[in-house]
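One chain, subunit A, links the two complexes that follow: it is found with subunit B in the first and with subunit C in the second.
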Partner chain A sequence: MQNKIKIITLLLILMLIVGCWDVSEIDRTRFPTYITFDQKADDVYRFSTKIPVLKEEAPEDVSNFRFSGPSFYSGFKDLQPRVMGKISLALLRIAIFSEAVAQEGLKPHLDTFLRDPVIPGSTLFAITPGRADEIIDIEVAPTNDIGEYLELLFNGGTDDLILLETTLNDFFISLLTTGVDPIIPLLKYGTDDMEVKGAGIFQNDRMVGQLSEKEVRALTLVKEKGLKGEIEIKVEDEIVNYYIQNNRAKIEPSSKDGRLKFQIELTLDVDIDEDTNFRRLIDSPSTIERLEEELNSNLKREIYLLFDTLQELKSDPIGLGQITRAKRFDLFDPDEWRQDFSRAEIEVDINSRIRRLGIAT
Partner chain B sequence: MELSKIKREQISNRQLIFIIIHNAVGTGFLSLPRSLAEVAQRDSWLPVIISGILWSGGFFLIYKLAIKFPNDTLVGYSDKIVGPYLGKIISLSYILYATLVTGLIARISMTVLASVNLPDTPIPVTLSLFLFTGFYLVSQGTKALARLDEFLFFGLTPLFLVLAPMAFNVDWINFRPMFQSEPLEIIEATYLTMYSFLAVDIMFIIFPFVEEQKKALKSSLIGLFIVTLTYLFITVLVVGFYGIEAIQYITWPTLSILKALNVPFFGRLEFFFFFLWIAIAFTSFAPYFYISSYGLADLFNFKHQNYSSFILLPIIAFVAFFPKNLLEIFSFMELIATVGLALTFGIPLLFLTIIKLRGLD
Partner chain C sequence: MWDKIKDFFKSNNFINRLDLEAEEKVSSNLEANIDYLKDNLAPSSDLVFRSFHIGQKKEIDAEIIYFNELINADILQKEVLRSLMFDLELDCSNRTIKKEINDTLINSTIPIGELETTQSLTKALEQLLSGDVILFIEGIPKTFILGIKELEKREVQTPQIEAVTRGPQESFIEPLSTNISLIRRRIKDNNLMIDIKQIGERTKTDLAIIYIDDIVDQDIIKKVRDRLESIEIDGVLEIGYINQSFRDNWASPFPQFQTTERPDKALANLLEGKVVLLLDGSPFASIMPTTFIQFLQSPEDYYDHFYIASLLRLFRVAATFITISLPAIYISLVSFHHELLPRELALSLATAREGVPFPSVLEAFIMEISLEFLREAGIRLPGPIGQTIGIVGGLILGEAAVDAGLVSPPMVIVVALTAIASFVIPSYSATIPLRLLRFSMMLLAAVFSTYGLMIGWLLILIHLCSLESLGVPYFAPFAPIKLTDLKDSFIKFPLKFMGKRPESTPTQQKKRQPDKE
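Here is the complex of A and B:
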């Protein structure tokens, strides 16, 4: 028994060295953490990346590269001889596509990402409205590693409502699944920072439109569950900040007069983080009720606006098609889905419950 | 067979459970969810359960046959039942089948290893290591095989703990609506799943060495139950994550699913999984090598099993190199597995009928 324990312990320790590289291999390998995609000319793309330099005596901490080719892999092959050491995409954190590339379709760029076993499926996707390779000129204060910075921007924030996150796997699955369309966050470059501002929505692999931050918030509230984040609403010319502690959406498809109808019931648990009116809430159920109603009506308006945009663009990133197929198989026609979705009637009902008021008022 | 040899090589009923588990769970589960989703679609979990039930019938048949000849392997009792000529042809067919399976398992393992982890290592190098380790294990006899399987069962359990976090990413909507597949599709998917359970046939060779033969059926069924649960877990996890459409584009979905996770400290889980999987593939390969080697030694009355193992080594290597590419590997495996199914169900049924007719009870 003692021997068995010893061998199991040894095996577990051995597990820790799996995937380890020898010292010289690490020195010889370069790990870019982001890649950008731009349209250069017809059928030619321009890519850019930043590769950290690990040598202490090197004059720069990072090397910037722009490279081009008819496909990502072709360009990547041309980049390799320009780089000291072998490039590995094992630590790739984010791929940023220009809006023009996204509008043309992302499928051609996806193949290498899926085929190469070292590229993580958790690689984030983002779209930027202008030229994606302008990222090279941005010097963010906290780090030289833009990939790490962006990963923390998406994952490290506390606001799930607007920080929509799309990974390589998410995009791949929604691209190939009938009844749901991909969605990718929009990234706007500043001079020394970057900001997530809305999202690009897709029909198959082509970007067909954009959602504002408020629309993204409405979308995540309907699509995801267990979210946390801030919502600011004007009540009687004063600002009230609500903090969503939890959300649950129930979506029921049905048919009405030959049209699809979706009944969306959204339940929210919220805290009051700020009320500039400075009113006393502790003994005032009617005020609490009022604040709940204000939140409900504001969010309801946002959700209707979201559906106006989605139905106009015939894009279904929420996956109402999948839900219809699962719950009412008889109402789901995969060939006519976009048409059915664009004509569907939407009914939203929101029930928010204020749980905590803070430690004063 | 000599009683002294049986005594020397005797394995416990507990070890029989582990041998059956390891023999069945090997390379098949890496691609099983894709094959199942292609045919049975959202009901892909159902054929796994049906296969488990059908294979328990296979165990019952082999047990009923083997218990009549408690000191003989298939090679021994086929001579007694159908005569020396036909008996030897049947034994030789079974040995040939086991040799082909050994070669193909080795090839699949090396192909996965080369595609995922060791792209620059020549396949002959990894294959040689695999074959010689197998040769060494087989030369140590039944007891060594049983001990290794028993030990590795506990060592390899973390493999499934590695997969467990993915359970949070299962989207149950991918299984709805249920029971929409045609009966023929379920039958075809069950047939495909039964390939992955091919392991039952080891009872043809190993039965005389089981300590308490009367309880062998119970032990085998416990092993089968664990195998069924493992396959069910993997199928639900992988199909639930990818959905039935996206999964069709992934060669080894059970490996790829781990690319989606980026776990703090561990980083890339798929490499931990891979480390453990190599041992799992080996424990699936070794019993078939053992079956063919032991069967050959028994058939030609070799004094030592090493001789037959040595003869089989180049044949297994040839079989491993025979398929040109992955498509050929899959189609050969399908063909061989069909033969395996026919032998596993056909031999006991035929022999039990002849025993009844000839009154050999």
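Here is the complex of A and C:
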């Protein structure tokens, strides 16, 4: 009996000690909100980050850190002794890669991201054309925390059509799924502001080219469903602002003369937010029809231009390969997909319908 | 091992037992009867032996014995002694005197309702101890038991623990007779059975077993009687003694029987085929068998619209979860799993905890224990002071602790929310095990974080599923699943859909109302 009591007591004490192994009190933990990745120099990659300072009486709100290493984790490990408290990537908001790093391939840098379960799957990705570590010096007006600023920049945007969002989860899903390539938004910065402008397109984990804002808009209209956002078009030298209330895209793969053909049908419900030609506010069927036709032809042109770029760069961020595999498995050859995609015939049909012209008082 | 512990307690006479004495018969000799009582009763200043002569000719000796603090002296003097001493006319030469006295006393002399006779001295002694007056008459081998007891009691008051905004505002009080009347006047059913037994070798406390004979399952009644028979105890001071002796699982922290101070709740359970026990001297009724979900049900659920009742039920379920888990969740998130917190909240918590010298688990234990102190202090202190202590403790002490940097503001919010949630649960007896489990969960969370929480909840659910109350599954209607009973569980259906009695408790009549032809 005494032995049993001893064993139970020891187990209880051991149980309490177990808790101490993993414990990491939140106030003793430091949370970087963003990390930048820059190209190799002297055989090491360069990284930078900002860590919020929790003490209210501290002279600075955030601490800036630059660190380097042959890989992300090596550099991150070296950063730990320089920081008061245990660094945790649990609250990471955004990872920004320089264009050079993206062109080299993101897989080596993202291995830690895939392995560490505390890194949120909602962490945003962005590519910047210049040096990523210069972002640390940008002083944006609302906050010193660039991570918070960037997250709000992405999530708070009203124009969903050009503001592409790619998270860690999205990136890995695209990377590991046959028949779809990743796409990451491009982040451009000045001295005191930043802007999301266009996107980088990939073949597997390597960036192979860029899309303009209009191309991104065309891509999101074809790829996503239920979008909302503004489209501005010049009609007879007057500006018309359409507001997309809803979109539905139907993509049908088929084969024609030995090559793939994609029939893309896009249906849009739109409002008119602005028309500088005042007369068009009059609710006449012919005017509405005209505005619908203008929108259709403009968008059709943009989508064809988008496919010209994608087919030239042999990158498929829309996931046409995935659609072909699902709908016409006989036409999908995973080994020859990029070649097949680049030669595919694209036919676009847009059917927009103006729902509201605005309320005149 | 537990059997050994039980044997150990039994063998050491932790429960006092009285040896049952052989039943004595009343003698025709008055002196012999009086001697028997004097031998078996400890000399007590409130015990009165009053000798007198019966009849106007004063030829027959009699003795009346009572405890003067337990009886109505006015009735004794005016209606009993006066009648016997002055009003009774007897012809002592008549051979049929014994029969005449017997009949006359019962039929025409003593004008009181509760009058019975017995030949057993043992029973006479018991009745004397219960507060009845006993009368011996020379030459008659019988005792007259006069029920003129008058006990001090308080008025029927509003329920203190199970207060409701809508519904009857009466609660049980200590005397059994009043409590029985509170039930009986609500139900005019000839099948209502009230069976009174005495329990406690020394206290011989009256215990009423109440049920509706054509609804209740006879197996349940048998179990109740068997368990009552098996109770060996010297005194029963409160219905809790019975509940503890009755438990199917004595080690479980969960109450296996409901206690209520509300007559309407007791009656509602009687109509569902349950048994209600009332103990003299206890203002609480015990309801058995019971299921866990009943602790989350309030009488006003049945008086209000079903939308409101269902919403309140869901709140109570949430409150149960919060009462057990919230501090543990806080500990596991703050000490281990920061990634599960929204970013803004995590940074806000980290900032708030900056400077607190204790780890979150210690902080939580300090606050929870302080709260339990406050709760206990509030109960012990008189009403107004108790409230003051609550305010002083809750507001001032909490704020001072935050200002001093001993605890973080979020911890105060967590503890306050937990305390408030525990008061949402209608049954006070059900909140006590939840408070106990909260500490276990906090410890599990501090050691194993969210895994600990999951393990804790699994253990609780396994335990609840394995419990029984008088053979009825405690976690019904969820385990075993009883689909028809789910309409009165987390949500409450309208009354029109509740034509059948709950299946969880076996009953003789499944339907509340027979079909109309």
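Methods note: the second predicted complex is superposed on the first by the 329 of 361 C-alpha atoms of A that agree within 3 Å, B and C clash if a C-alpha of one lies under 4 Å from a C-alpha of the other, contacts with A are read in each partner's own complex, and residues count from 1 in each chain.
Operating definition for what follows: a residue touches a chain if its C-beta (ideal position, glycine included) is under 8 Å from a C-beta of that chain, and two chains touch if they have at least 3 such contacts.
Small disclaimer: the values here were computed from a predicted structure and weren't measured.
In the superposition on chain A, contact of A:Q322 is made with subunit B only, not with subunit C. Of the two partner chains, subunit B is the only one touched by A:L176; subunit C is not.
In the superposed pair of complexes, A:P120 makes contact with subunit B and with subunit C alike.
In the superposed pair of complexes, A:E56 makes contact with subunit C only, with no contact to subunit B.
Touch criterion met: A:I26 reaches subunit C, while subunit B stays clear of it. Shared-chain residue A:S88: touches subunit C; no touch with subunit B. Contact with neither subunit B nor subunit C is seen for A:S71 once the two complexes are overlaid on the shared chain. With the contact threshold set out at the top, residues 15, 18-19, 90, 117, 119-120 of subunit A are in contact with subunit B in one structure and with subunit C in the other. Against subunit B, in their complex, subunit A makes its touches with residues 4, 7-8, 11-12, 14-15, 18-19, 90, 114, 117, 119-122, 167, 169, 172-173, 175-178, 319, 322-323, 325-327, 329.
Against subunit A, the residues of subunit B that register as touching in their complex are 115-117, 151, 154-155, 158, 173, 176-177, 180, 241-243, 245-246, 248-250, 256, 259-262, 268, 271-272, 274-276.
Touching subunit A in their complex are the following residues of subunit C: 333-336, 338-339, 343, 346-347, 349-351, 353-356, 359-361, 446-449.
Those residues of subunit A that touch subunit C in the shared complex are 15-16, 18-19, 22-27, 29, 31, 33, 52, 54-56, 88, 90-91, 93, 117-120, 148, 151.
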